[in-house]
Amino acid sequence: MLEQFAQLTINGLITGTILALTGVGASLVFGIQRIANFAHGEYLTFAAYAGLLLNATYGQNLVVATAGAMAATAILAVAIHFGVLRPLRGRGLVATSLITVGIGLMLRDVIFMVVGPQTRQFEIDQTAVYDLTLVRISPGQAVAIAITIVVAPAVALLLARTPIGKAMRAVADNRDLAAISGIDVERIGTYVWLLAGALAGLGGTMFAVVQGTFDPNLGFQVLFLIFTTVVLGGIGSAYGALMAGIVLGLAMELSTWSGFAGGLEARFKPVLAFAVLIGLLLYRPQGLFGRARVF
Amino acid sequence: MRKHAWLGAGFLAVGSLIFGGPQAAAAENVSFTLKYGILAGLTGDPAPSGQGWNESAKLAVDYLAATLKAMNLPDLKVTLADSQDSQGSPQAGVEAAQKLVQIDKVNVIIGDFYSSVTSAVATAVAIPNKVLMFTGGTSPALSKLNTGPTPFIWQPVAADDIQGRVLAQVIGDALGKNAKVNVAARNDAYGNNLSAVFKEAWTAAGGTIPKFIIYNHQQPTLDSEAQETVQGSPDGWLFVDFCQTFAKLALPLSRSGKWDSAKSFGSDTLNDCQSRGSKNYPGMRATIANASSGASFPAFKALFEQKAKKGVNFQAFLSEAFDSVFVAFLAALEAKSADPAKISEHVVAVTNDPGTTYTFQQLDQAIKAIQAGQKIHFNGATGPMNFTANGRVSALAYDIWQADADGNAKVVKTIGFKP
Amino acid sequence: MDFLNLAFWTFVASTAGIYAIFALGLYVQFSMAGLPNFGHVAFMAIGAYTMAILVVRYSVSLPVASMAGIAAAIVLALILGIPSLRLRADYLAIATVAGGEIVRYLAMNLPDLTGGPIGSIGLLGPGQIALYNGGWQRSLDELTTALSAVIGAAANRDLTMALMVWSIVLVLIVLFRRLERSPWGRVLKGIREDEMAVTAVGKNVFAFKLQALMLGAVLGAAAGLLLALQIGVFSPDDYQPTLTFYAYLILILGGMNRLWAIPVGAVVFSLLYAGTRFLNFFPLSLIDSGSRAFLRLFLVGFLLVLFMAVRPQGMLGNRRELLLEK
């Protein structure tokens, strides 16, 4: 039972960190651009296939493939920002959401057309197991852990220490105040898309690697979990999203632990995630780390 | 409205004139056009299976058309009117089927492979409009939708209620009737129904099921599901899933170190996953309704790999779509008509003994035999088919496939099954 | 190809009418009260499921079961509304998506209650056929006979259904026009424009919002019931979040914040959605049928974005009013 607990914890941490990193990007975008990006899932899908192209077709290792996927997805995010979302801004939450729903549909079906519907996998040894006495992990999970151990602190550092990071948080927190204090809100908006795209790129390849096999529905299947992370942490709060992702990942996995009143059936995991969200909003309408305000 | 009603009546009248009267059909000048429509979930979640379903039905229609052309039979025509996307949803499926039936005027719908969509389309479109449906859905309820005198819903797939009991028998023979077996099934109509039938049969015979897990196969990771699956120190496992999504569960399963694939059994969709673009797990067994006597299965598979669109993988339930196209045509040929009600009367005749057996590779000979008024038994890539009058196939024997250490799978045993 | 086949388009017309009723529910919630409810489809699901379960398992008569379906939707509105209505718009949007997904997941994962993923046909367990609309079809047939006598030609079920649905739509629109100008409607508009001001004059904003959510839920459930009765079988896959987005699209297509534009939006949307099923003409017929299915949804997405780009105010709306939306 202890073993199961340890295994669930490590699995929860892996899923949680991926959600957290992807959530940071989505949250900043939501906070700064006021866009609930329903196409965010497709950014992950795009990244997974970009990574696969580098890994399987060009024989690059996972780190290179992930870096490439991050760059490609960042470019995609910025291109969509300049091509569609920026020209069409100022139309309200619902209209903008609809636009991103449309973008998501287009992206998903283009990916389907280009790569075909069948499942794929990265060129890694899927059967190997690292036995660390208490837990057993796959090479894919090991890579995911290694990459996130590097990236998560880097992102936190970027947001906490660098001028750009501070500016991003400032704009997300209060756009008008940030503009008055001399921050170029437009430029920050672009940087935020770059960051969100790169993190979605990371999330997409990591999900693909951890799952083992994936198809073009990969991103859409996790979209609402990303949104849950964003809202749970507080819209616009990067640290909130980091925390919420990990909490969510752990909560979903550990709820199935048999020491926990026999454990919840695993198929109710998504219900649990959504119920936690609604339950929390009852007590903290602004999420875990969001600032209470009305507008 | 007046115009519409008139058109509708006119269509029926013309239909019965052309296709109808038995007196109109002398053997030498049989002439009809059989219109097929494909219905499948081509986008979203069902896309991997749906695209394969579409490809294999299309292959069959192309093959059929090419054969007719080669035989120089211009009076017999087959066309594939359209492939429509049901999106896996009954509502979208009904709209798609309305398009096939009302606009394209198809005689036969190949699909859907979701039981939910099939039941909606059958009740709302196919049966009221008297159009044949060959479904890939495995729910035993589907053939019960045939309440009228003529069955319009045909189910070329072995239904869950039979297969569940076969699995109980096979696992009982291998592990003992009182063994503890954990069950893990995908959360769709197929997984739910089949695992439920197995549970009933298994516990009735004295076995126990420590863990019964239904998992959402669309979930990103299935780690905690795998953890649950190895709890309760079972003697063996039963899995109900498709090869592609099973890989997502098998990975964390083998990682757990507590899973023994040699003590695992799979549903018919999990037999020889390696040949379906996924992989086999050493020692794992799966049952399938006597496909090994369907000698044309390898030929179908070869044809699929050669002709099907790149990026669409071979997988479970594809041979059913493929076979259905030929069964519908041969029954139409014997009926000398493309009228669905007439075709329906001949489906049983062309898929049962007595009669010379033919596979799709001998399609030209099968056509000649029927034209000569002989009784035939068409053997599909799925096996001898043996359709019964209620619309279901009745397999009398089941193959047990097993994967060896290298991941190659072969039939290790064929067992008889008395329903 | 018989593109102008009446039977097909009659069917599409019924669906369009049902979508109009569904979108009308959003109109109350969003256009009148300013609540961006992204989980509207849940009301459709709960209405249909409650009705089907009562009819199939407990042999409750269809009208009573339908009333129960609507009542269940009201209860769901209360459950969802109490935690979420105090939220800011963006939080509310996501929280309601989550609420809708909970309903869909539960429908899929509680087979003993709902029939599971196979849907309503499995309500009596695997191997059995559960149908709930026998009574409905009989009454529809009676209506059809009556209708045939009135119009002096043979009507059919689909035509009766379409006429009935659209009569409901018209009645609802007339009612809503009055409702909008009633004191209640004016308070709602006030809440949408300036919540503070409405609070300041002593109105209980929360109660008004909850009422709007409940009224929308009634319409959502009614649409769910009609759709379930028209199709005859439903499954959890019918209640994907996408349906709510389509309802918003209908609101915007016609003209945002305009009641009488909703039917126009519903018709245009249905024409597009069903019309894109006809992509098998030259030169598109050169593309294989599998890819055409992806192309169809791609086009739906493209038209959505294009429309929002060129006519955000809808076909009948004016741009000035659009700017009032927050």
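All chains are identified by letter, namely A, B and C, in their written order; residue positions are counted from 1 within each chain.
Following the convention adopted for this analysis, a contact is a pair of C-beta atoms (placed from the backbone, for glycine too) under 8 Å apart; a residue touches a chain by one contact, two chains touch by 3 or more.
On a predicted model such as this, the values are computed, not experimentally measured, just so you know.
Annotation: B-C is the more contact-rich of the chain pairs A-B and B-C, by number of C-beta pairs in contact.
Taking the CA centroid of chain C as reference, the farthest chain centroid is that of B.
We define each chain's centre as the mean of its Cα atoms; on that basis chain B and chain C are separated by 34 Å.
Averaged C-alpha coordinates put the centre of chain A at 39 Å from the centre of chain B.
Contacts with at least two other chains are made by residues 109, 112, 117, 265, 267, 270 of chain A. Annotation for chain C: residues 109, 290, 294, 297 touch two or more other chains. Counting partners per residue, chain B has 43, 51, 187, 214, 216, 309, 312 as the residues that reach two or more other chains. Residues of chain B touching chain A in their complex: 43-45, 47-48, 50-51, 187, 213-216, 218-225, 227-228, 231, 244-245, 247-248, 251-252, 254-257, 277-278, 309-313. Listed in rising order, the residues of chain A touching chain C in the complex are 30, 34, 36, 38, 84, 87-88, 91-95, 97-99, 101-106, 108-110, 112-113, 117, 224, 227-228, 230-231, 235, 265, 267-268, 270-271, 274-275, 277-279, 281-282, 285-287, 293-295. Of all residues in chain C, those touching chain B in their complex are 1-3, 5-8, 11-12, 15, 108-109, 111, 116-119, 121-122, 126-129, 131, 151, 153-156, 159, 227, 230-235, 237-238, 240, 274, 277-278, 280, 288-290, 292-294, 296-297. Residues of chain B that touch chain C in their complex: 1-5, 7-8, 38, 42-43, 51, 54-55, 58, 82-85, 87-92, 94-96, 98-99, 102-105, 114-117, 119-120, 123-124, 139-141, 144-145, 160-161, 187-189, 192-193, 196-197, 214, 216, 309, 312.
Of all residues in chain C, only 30, 36, 38, 80, 82-84, 86-91, 93-95, 97-99, 101-102, 105-106, 109, 195, 241-242, 245, 248-249, 252, 290-291, 294-295, 297-298, 300-305, 308-309, 312, 322, 325-326 touch chain A in the complex they form.
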